[in-house]
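Structures follow.
Shared between the two complexes below is chain A, which has chain B as its partner in the first and chain C in the second.
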Partner chain A sequence: MNQADIQQEKLIMELQTKISDKIIDKDEDEKSFHYTVVDWSTYVPNPKFPEGIDELRKVTPARIGVWRTGTRPLTKTILKLQLDHAAAVDAVNGEVSDSLLKEFNLFTVETCYENKEVYLKRPDKGRVLTEEAVKMIQEKCVKNPQVQIVVSDGLSASAIEANLRDIYPALLDALEVNGLTQGTPFFVKGGRVACMDHIGEILQPEVLVLLIGERPGLVSANSMSAYMCYRPRKGTIESERTVISNIHSGGTLPVEAGAYIGTILRKMIDQKASGLHLEL
Partner chain B sequence: MSRVEGQSIISVGIDIGTSTTKFIVSHLKYAKVSSHFSLPRYEIVERKIVYESPMYLTPLKEKRDEIDLKTLTGWLEEQYKKAGVNVSEVKSGAVIITGETATKKNAESILHYLAEKSGDFVVAIAGASLEALLAGKGSGAFLRSKEVKGTVANIDIGGGTANVVLFRRGKVLGTITYHVGGRLIELDQNGEITFISPSIEPWLHSKNYRLEVKKKICFKEMQQIVQEMCKDMLNSLTGQKLIRLDDSLIHSTSFQVIPPIDEVMISGGIGQLLEKEAPKTIYDTAVYGDIGPLLAHEVVKEIENCSLKLIKATQTSRATVIGAGMQSAEISGATIHVAPSRLPIRNLPIMMIELDNEQIKNRDYVYEQIKHAMIEWKQYFQGEQEIPFAIHIRGISYCSYAVLKEVAKILFSLYEKYFPRNPVLVVICENDIAKALGQLLVLQSNNKVDIISIDQVVVEQGDYIDIGETINQSMVPVVIKTLAFMKN
Partner chain C sequence: MKTTITLMGKTYQFKSLKEIMAKANEEKSGDQLAGIHAQDAQERIAARHVLSELTLADIRNNPLLPPEEDEVSRVIEEGVNEKIYASIRNWTVAELREYLLSPNVTNNEITHIRRGLTSEMIAAVTKIMTNLDLIQAASKITVETRCNTTIGQKGRLAGRAQPNHPNDNLQGIKAAIFEALSYGVGDAVIGINPVIDTADSVKAILNMTKELIEKWNIPTQNCVLAHVTTQMRAIKQGGSADLLFQSLAGTEQGNKAFGISVELLDEANELILKEGTAAGPNVWYFETGQGSELSADAHHGIDQLTLEARCYGLAKRYKPFIVNTVVGFIGPEYLYNSKQVIRAGLEDHFMGKLHGLPMGVDVCYTNHMKADQNDMENLAVLLAAAGVNFLIGVAMADDCMLNYQSLSFHDIATLRELLHMRPAPEFERWLEKMGIMENGKLTSIAGDPTLFL
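After this line comes the complex of A and B, so read on.
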């Protein structure tokens, strides 16, 4: 090997070490892409009334007091907005994982939504279950239960992924504490809120609670609602439903919502009413 | 739901002060402040006075070292009648013994006696720190601090003490109390001294003022003493004189250093005297048989000398009783768990357990923390009966149900182990998780122990809490009594 070859060999070896270093580095890079709330926050430099601006920021999750560059928002603010928007789009297009549904023993039925595109354009289709679904529910579920629990992806699959593990067991304990019994719970794919009415017709529960993903927004893509109704049926009007919305880690805490749903269901059964007729 | 909105509870305030006793009846209106789509939340939205008693000279027994309970309760009964209120209708409120009266022999027993007799959930409040706080809330200083940028001090000067509280943006920074009051020295209109309070003697002595009962004093000398008293207090408040525990003018303090003050309000009997003309002779001074009128004008002069901004208080002599009657009660979160048969429950000391979002996931850590707190508690209250207390869990903003379940298991098993004779377990959470934690504890306890779990209440180590009966089947009124002292 002549001098030049040795030189080249050395260079190649150096490169190789660099590349393998790079591979290890890659993990580090990925870690550093995981931003927390603190990483995203920006502040008004030297505000005249710091306590005032802090107080305002504390009462809203909206992007206020985030500072600016010229007349435009900071790059960080724009990127965060885009990220939140992307998360919202993902939430709509996502699917609830089978493993999660298995964990809670939920079988899956579908509405007549066909696919995501139709689902978004035709809300009415998400309110009716397929013939196959009706058959499956009739086969598998206890009829006339006191409480029927239904879970649905709605407009945010990630809401179910993020909150079901907390709200569901809290709800089951709340049923026990309130002396209530439930039927056979299941999952509805492509559901809209009013699918409660169709299920109500099939199973005739005393009360039905639907845990459904909410339309994602820029504050949270993981927000869930709990809709509750006393004897839901065809022709139920919206004012007959009781709802707790904004359930996520930064809003109504899922554990507390689950516990409180038990109290609401108890009152619905005692008062034989829901929605505006229910006194809470 | 709309049926409940705007419902009121009747609340009373009783302030037994060094020179006068006052009584008020108020209506506290609570309403739902949350939307139809979220968990319910209620707040007190309006506080209205419906009856104010006249000023009543606090009845003392002959030796002046005991309160005359019989005369006092007789007067109170008369006042309840005049106000048209039955004791059984009263659902909230506070009795406070203030200033020098608190040092009377039977003060404590009277306080608890009156609290029990005045309504379902009337709490006993004592201590200069709470007195300062309630006066500051009653005078309007607390509200003012929410509207302005700076720090607002309220100086409530009564017969025996000057109770100072500092507010900033609706938060309490702390309190300090001085031996400055209108009735510390009493005299007749000829200038003959008739009484010198033992609590001001050390200060008089340290300043080389030799006053004696039955001796005459001239206006100039009296004025100089009062001026010096005010100057000493203001120097301390503005930080020109450091706070020392052996300072003979300081009664008690929660501050080691007092933060800069921007605005000052003066309430109490002295606050009311500000509106009168300044006395120019000893005859003018002693119109009430004490140094009150002189003190009022000297303190204003000193405040102006320190270039502090003096703001007129909305309430003066009745500030404390209004604070006690209208501002002492708060409302808990509306998703809670309680055992109704156990309420009201009074005077619970707070055991503090701090856990953040990460620590709470570590089972062993949680176990050790709770165990440590309970063992310490047992040692502290050794010998005493196992008095009920409240466990405050603080620092968690979010936690999963699985984690909360572990916490409930640990909490209950340790409680059962260390406090087997306590029939009730009281837990206070900072965040809205009390119902979830409450139901987990109920499932753990298997009805052996009654569970009370409430939230959205801020308490500190050393505080005491009173919890009232449920309102509207969903929330409870609470009164938090802070007793943070360095010296008393």
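After this line comes the complex of A and C, so read on.
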């Protein structure tokens, strides 16, 4: 180890001690350590331009200026990456809680997805509802509604958990403001975007809006999309759908998205069109 | 063509070469999605056995997608050297495998016979090779290419700096480039996937990277991975591009879904040779990946490994500087888990090399696949051992624009140290001049992006 390396090691040790002091507080009762505010930052210990690191970090969400031990990343940098990936994995494998669905009076039907593995391998199965689901929808739902609301876990159950309480009431308000009425909303377990078409065939709504969990990224595992379609039916093509994506607390705010969906649905009904054919 | 076999008292009768090729594959969710996979493990081996005894002539005489119906098939056919083909046409696929692995067969011999091979023959031999076979055979093949700099030499491992930004912010892209360079990554290319596919925006990124390369005298090349027609417009409007990029599919119909054709690629080729900024002669960057034809419903019932090989047959026509298989990007419906991604990565690298292509790999996965960073680290070591020309490097492996994970700059630096590999020669000399590398090792100032402020 040369002099510069030793210097760096020392600096890293000092920094890490400082960070530890800040984030650990001892819980006497539990006789264990609780991390309260975790600071994941690692720093280049001796940069050529010390003020430059923050300048560079400010302009990109990329994980830069993170430093290293030898050629490997520092422990905190690795743990942060693993934590973000873990949240994404849990979002894919998770389930939307019954209590949340009850809160909004959403009954549950399933697609032909069978289980998570089949769901991931066979997107086609998530586009078709089971026979039982079709029967239940026919029994419980108002036919030919003006607006049909459907919620589905898609690729992120936690997107529904994180956003439904904000987006749903905002959407109902927006329907009222725009003079729209809705049918009987429900939840689809194991849904893909194109399950809209099957539901469209069953209920013949004028417009359908599907709130569905997106494929989770590391920035957010809780991102939701709202897909909207004028008279969805078998054979609808992707460009006939209108979508608002990236709905989460760090993207398009769910409350704002709810209001915006109402406006779009109104335009769809007025213009009798959606997707590329809709003028916004 | 023999299509029947009895194994362990059970007789297997296959209908066509297409069926044999599909069922001989290792298990892949994409072949299952297409409904062309082996029904059980024994049928897979039966298909593989039948395939191993077919001759190269059997494969050429039974086209999976006839040249009259598909321009990619025509490009592959036109590329065959008839004299060399005639000398090996009676080899079985098994004999081809054993030839490639024989100790007397070196890069020279392989370079010679590959001119007599079609993409389908290369796909066939790949199906009967184990992972270590694929590594050993590929490691014999050296493919050197030159744009502004030369990469692909034995004992060298280059990296693409992939400094993507969620809204193409030029300062943000620059910041990630500085980080890459400070770890010794960026010798293959500084390549940005843009969010905004307009000529103006692409031109701005091209010219920013070109200025940066000139300011610091970096021996490398720039590229913006927009649609080829957008890059062409950007170049015509004064954009400085060393490399032209395009994603390829293995069928004419698949390429149509990508908005390209052989005619368009020929036209683009003419443009980049005339108006590109690189020394050349290799001025193309292609990307591929198993499953894209099926996702565009353009697979003609052909398995995804064979279609991938056909992408390389098409790529060969343009003598690219780099070709990259984005192996785990497409999702679990094509490659379900780490086992499948690792297998596909080794297959693609081998098939590309046997085509004579300068192969790199984006060792990557999406968050809904059954894979994690450890699996990527494993595959990276295997590929480095196989002699991969370059790997994709992203800041801490997390692409904040494309929302998937690849390898980190740290990983590429680690592979070089671990396996005693060096960056591309001209780039290594530059790193030494900058004080970032010494005797093939990163120095104490490496990893500091403010070096470039």
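Keep in mind that, in the parts below, the second predicted complex is superposed on the first by the 209 of 280 C-alpha atoms of A that agree within 3 Å, B and C clash if a C-alpha of one lies under 4 Å from a C-alpha of the other, contacts with A are read in each partner's own complex, and residues count from 1 in each chain.
One rule holds in what follows: contacts are C-beta pairs under 8 Å (C-beta built on N, C-alpha and C of every residue); 3 or more make two chains touch, one makes a residue touch a chain.
Source: prediction; values computed, not measured.
**Q** Does the superposition put A:Pro216 against chain B (first), chain C (second), both, or neither?
**A** second
**Q** In the superposed arrangement, which partner chain does A:Glu131 touch: chain B (first), chain C (second), both, or neither?
**A** neither
**Q** Looking at A:Gly52 after the superposition, I want to know if it touches chain B, chain C, both of them or none. Which is it: first, second, both, neither?
**A** Both partners.
**Q** Of chain B and chain C, which one touches more residues of chain A?
**A** Higher number of touched chain A residues: C.
**Q** Using the superposition on chain A described above, determine whether A:Leu81 touches chain B (first), chain C (second), both, or neither.
**A** Once the two structures are laid over each other on A, A:Leu81 reaches chain C alone.
**Q** Check whether A:Pro169 is in contact with chain B, with chain C, with both or with neither, and answer first, second, both or neither.
**A** Only chain B; A:Pro169 stays clear of chain C.
**Q** Tell me the contact category for A:Leu280 with respect to chain B and chain C: first, second, both or neither.
**A** Touch status of A:Leu280: first partner only.
**Q** Taking the two structures together, which residues of chain A meet both chain B and chain C?
**A** 49, 52, 55
**Q** Can you check the complex and tell me which residues of chain C touch chain A?
**A** Per the stated touch rule, the residues are 29, 32-33, 163-166, 169, 171-176, 178-179, 183, 332-333, 336, 366-369, 372-373, 394-398, 400, 403-405, 408, 410, 413-414, 417, 442, 444-451, 453.
**Q** In the complex formed with chain B, which residues of chain A make contact?
**A** Counting only chain A, the residues touching chain B are 49, 51-52, 55, 165-167, 169-170, 173-174, 176-177, 225, 243-246, 249-250, 252-260, 262-263, 278-280.
**Q** For the complex, give me every residue of chain A touching chain C.
**A** My answer: residues 2, 4-5, 8, 44, 46-50, 52-53, 55-57, 59-68, 70-73, 77, 81-82, 84-85, 88-89, 91-92, 120-124, 155, 215-219, 221.
**Q** Which positions of chain B touch chain A when the two form their complex?
**A** Where chain B meets chain A, its residues are 1, 3, 36-40, 149, 168-169, 335, 398-402, 404-405, 431-436, 438-440, 442-443, 474.
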